[in-house]
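Shared between the two complexes below is chain A, which pairs with chain B and chain C, respectively.
Right, the complex of A and B next:
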């Protein structure tokens, strides 16, 4: 009797997970399929297979500019926000001080603020200091958004460190900087690379803030909206597929780095 | 005479309102194997960490070879430590772990490798040099930790309960490794432990601590036979402590009325006892005789057996006197078997007149 109920529950759960995956991925997969479809309008039955839309995108200098901007922004944001995130996480691990909780709340705050508010605030602020519409305006805005993610990932790793490792390095003649270089950074390396991938992915995908502060230096999500506003163009599906594959690759690498390292550590 | 190698002078350590170490004063001579023993939270590890520079004394001074250590950073001390959980670097290989202390001192790569390999060879694990730490057994990790600490040829090695995670067989083997190593190197070992058997088996002298205070500094034999106070006598574990008042003073001995009855104790001429003085006496469990018939000795009491416990070849017996007082007795297994003592209902225990050790009265 019980086993039958258990089987039913298991089946229900599997069905639920499959449904969630369909719900999340169906639009993306549809867009991918239509990116190879020769018909101009997305309709069924499908037309013939084509790479035409990829060719159009490939030959569009505006798209290339946007990809270039996006890559510059993503790489810079990846490095900057991982550095800031590492410093914040290390401060949390190493020191105890008054108002530490307040410090942590502030450090983790940006992602909890609605994007549109951050975007408007950034725009107003950059306009005031005469820095709007620059490529590095987007870098700064995205770094603010992404640092908390980097901090969260690196903090998770630091929580697993044996608290005696750093003092052991000092005990063996390492100054605080040397211990940081030879012990803390190597220990956090998987998390640091993961944080970099994750923040690059977030920056690469981000639209709202980029749309407000990028000016003429459009990023890929901004150019997608621009193309979409002009007409319905299956180019979008091609760009969308490219963006999805890029982001997913980064996120999956990040996820693998965070999870694959875990069992090894427990045995040390 | 030159000053001792390590000197603790009025060292106090407070963590907020908690007093971790209360006015520690002691000296350690070069080449000594010193144990620091006490239950957890007694301040023994804090003493070690202060020596390594990982904690700063709140008051007092610590000197190493005459030099004040208080303000010197851990990195500049050369007082390596073998950590309780070993603290080996998980992302480095065995050899890289051993080389670490040489690398931080800017020694060239070839020289580092050579010296690391010499130490690994000495610890009999040279063939594991390229392994990762997680591929090693507990005992092998222990040897890596020792090699890593000793590769810089320090004047002092600090050991913080390094054997606590090993199984009993390995503990005994590693005790042998440590004692031999200390003898060969001739350097000072400071060994923190909560295990009496480890401390008594290896060290030249032991510091017994309780609640941040040093209760006694002496050889293991002395701690065992001549405890400084009641705490130490109880801490050693195999002692019976009898409280009582002096009822009669005879030539060279006193009679004390204790919880189990009148006990006659030999005292030295210098001890100035008066009738009604309060005395505490320690009777080691291994110095008590047991028989199935009364023998007519002076200090003889009737008892019944409550329980027995195997401690290797020794058996620990707990007996109860007729007035319900418990006494610990330790006997070799073969002696009990010979007389069939544990089968008998009523037993008699006794001890020689000079067996009880009277605790110092001002303690």
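Right, the complex of A and C next:
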């Protein structure tokens, strides 16, 4: 084979991958740069370095309210959706039953439906059952959206468990509940924490459904959306950078927990 | 064991999903279909069984303009993402080491967790009349080009949303292709093009189609890119839903649009699954 052409193709492909990564990260890096830029209307060349936009955000009580709402929502969603995800993953791991395929479709369907449709459906439904505009309307809606992610993360962990481990506990006299408490849950612990971080990050970032159902309890992304709709100003970059750092912290923790092998396997 | 014995333990794990998703997921979706037949009087929804919302929406030219525009933009976005992603995924799957690939996938998942709104706003700044791209072009005496409020900008926005995910899915499916088969194709004298399109693509078909379908769904439902970058003239279906919902409380008519979107997506998804799993 003509190795020189081969090398050229490989070099071209590497450049191409770099270009794709530049495209993917350009907007993220741009927003970080502009969050420190003094000009009100973003243009090239840049103005001078400033923390003005961070100060504006810091002194804005609306943003603080939103941060508070977002945190309450994210934590509640993290706990609820991880619980539902765990139950579902365990059911899928342990049992087979009639309509199991239907059960799994129900478990994994939400992310395949456009958010705008879910948002409208939830808005109408919550108005109907008298649950609209509350902080927990957002919690309920986000839990629906997030539990499939939790389920997937925990199911992957259960994939690695030795199939004889649970029956061994039963044979040694443990009830199903005791085996769950001392075998399954400890084994799944890293995945459970990872699922919590992941679902919190998803909830922290979601704006379509939150915008429709939150009423006056705006979350941070809803504030961003409202700034975008009104007088666009670089505050948005400062808030965005803050959201980015928060979500990334959660994602990195999740990633570390999933990839790092726990040194002692199921300690009890 | 009795057939009717209630297994409390099993039910404890099975019920949370069933209860939660029935009340808060299936419930809303079914209710949304129901309200397409409701009436709105004095800004309040009233139960009814009338076809008026369907007739009003489907007989309007602007609905169909939006319908076909959305379909076209989502298709264009899917084709663009699939084609643009492929060489990158190919390189990551076959030219990169497993470690590099893992890191690349990790970095491609990062954008999924950064605010899509903020990224869109960044593109707004980059593509603007006095933005970064035109500034660079002006050094060479080119431009300025109008990029905002064009389909081009909309597609850029869609790519922001979809491209990383499509690259990840393509990379994972390509990396699973049996290397021996590629080797065999080479040894049998198949050229570069023939190996890629005759061997690799058919073997990775399922993953490639899943990536495309996800891109289609995301682009089809997104309102941020067509609104803030594309200028929304005419609006896409998702923007139509927002406008109809937020102004005048016309939830039933917005629901008609949503049901039409669902029907379209389901047909597209079924066609794609059929293509993905069809045997030759």
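We adopt the following convention: the second predicted complex is superposed on the first by the 249 of 268 C-alpha atoms of A that agree within 3 Å, B and C clash if a C-alpha of one lies under 4 Å from a C-alpha of the other, contacts with A are read in each partner's own complex, and residues count from 1 in each chain.
The working rule: a contact is a pair of C-beta atoms (placed from the backbone, for glycine too) under 8 Å apart; a residue touches a chain by one contact, two chains touch by 3 or more.
Please read these numbers as outputs of a predicted model, since none were measured by experiment.
Student: Tell me which partner A:87 touches in the superposition: chain B (first), chain C (second), both or neither.
Tutor: second
Student: Quick one: is A:164 in contact with chain B, with chain C, with both, or with neither? Answer first, second, both or neither.
Tutor: first
Student: Determine, under the contact definition given at the top, whether A:172 touches first (chain B), second (chain C), both, or neither.
Tutor: Touch partner of A:172: chain B, not chain C.
Student: Once chain A of both complexes is superposed, is A:257 in touch with chain B (first), chain C (second), both, or neither?
Tutor: Neither partner.
Student: First (chain B), second (chain C), both or neither: which does A:30 touch?
Tutor: A:30 contacts chain C only, not chain B.
Student: Under the stated touch criterion, name the partner, chain B or chain C, that contacts more residues in chain A.
Tutor: C
Student: Just chain B (first), just chain C (second), both, or neither: which does A:183 touch?
Tutor: A:183 sits against chain B, while chain C stays out of touch.
Student: Mind working out whether A:194 is in touch with chain B, chain C, both or neither, as first, second, both or neither?
Tutor: Neither partner.
Student: With both complexes superposed on chain A, which partner does A:123 reach: first (chain B), second (chain C), both or neither?
Tutor: second
Student: What part of chain A is shared between its chain B contacts and its chain C contacts?
Tutor: Overlap of chain B and chain C footprints on chain A: empty.
Student: Can you tell me which positions in chain C touch chain A when the two form their complex?
Tutor: 9-10, 12-18, 20-21, 24-29, 31-32, 35, 45, 84-85, 87-88, 90-92, 95, 104, 106-111, 113-126, 128, 130-132, 135-136, 159-160, 163-164, 167, 186, 192, 217-218, 220-223, 228, 238, 241-242, 245, 251, 254-255, 258, 261-262, 265, 269
Student: Sort out for me which residues of chain A touch chain C in the complex.
Tutor: Where chain A meets chain C, its residues are 1, 9-10, 13-14, 16-17, 20-21, 23-28, 30-31, 34, 42-45, 83-84, 87-88, 90-91, 94-95, 103, 106-107, 109-110, 112-118, 120-128, 140-141, 143-144, 147, 176-177, 201-202, 205, 207-208, 212, 221, 224-225, 228, 232, 236-237, 239-240, 243-244, 247-248, 250-251, 255.
Student: If we count contacts the way the header does, which residues on chain A are in touch with chain B in the complex?
Tutor: By the definition above, chain A touches chain B via 162, 164-165, 167-175, 178, 182-183, 186-187, 189, 264-265, 267-268.
Student: Within their complex, state which residues of chain B touch chain A.
Tutor: Per the touch definition, chain B meets chain A at residues 52-54, 73-76, 78-81, 83-85, 87-92, 100-101, 103-105, 133-134, 148-149, 152.
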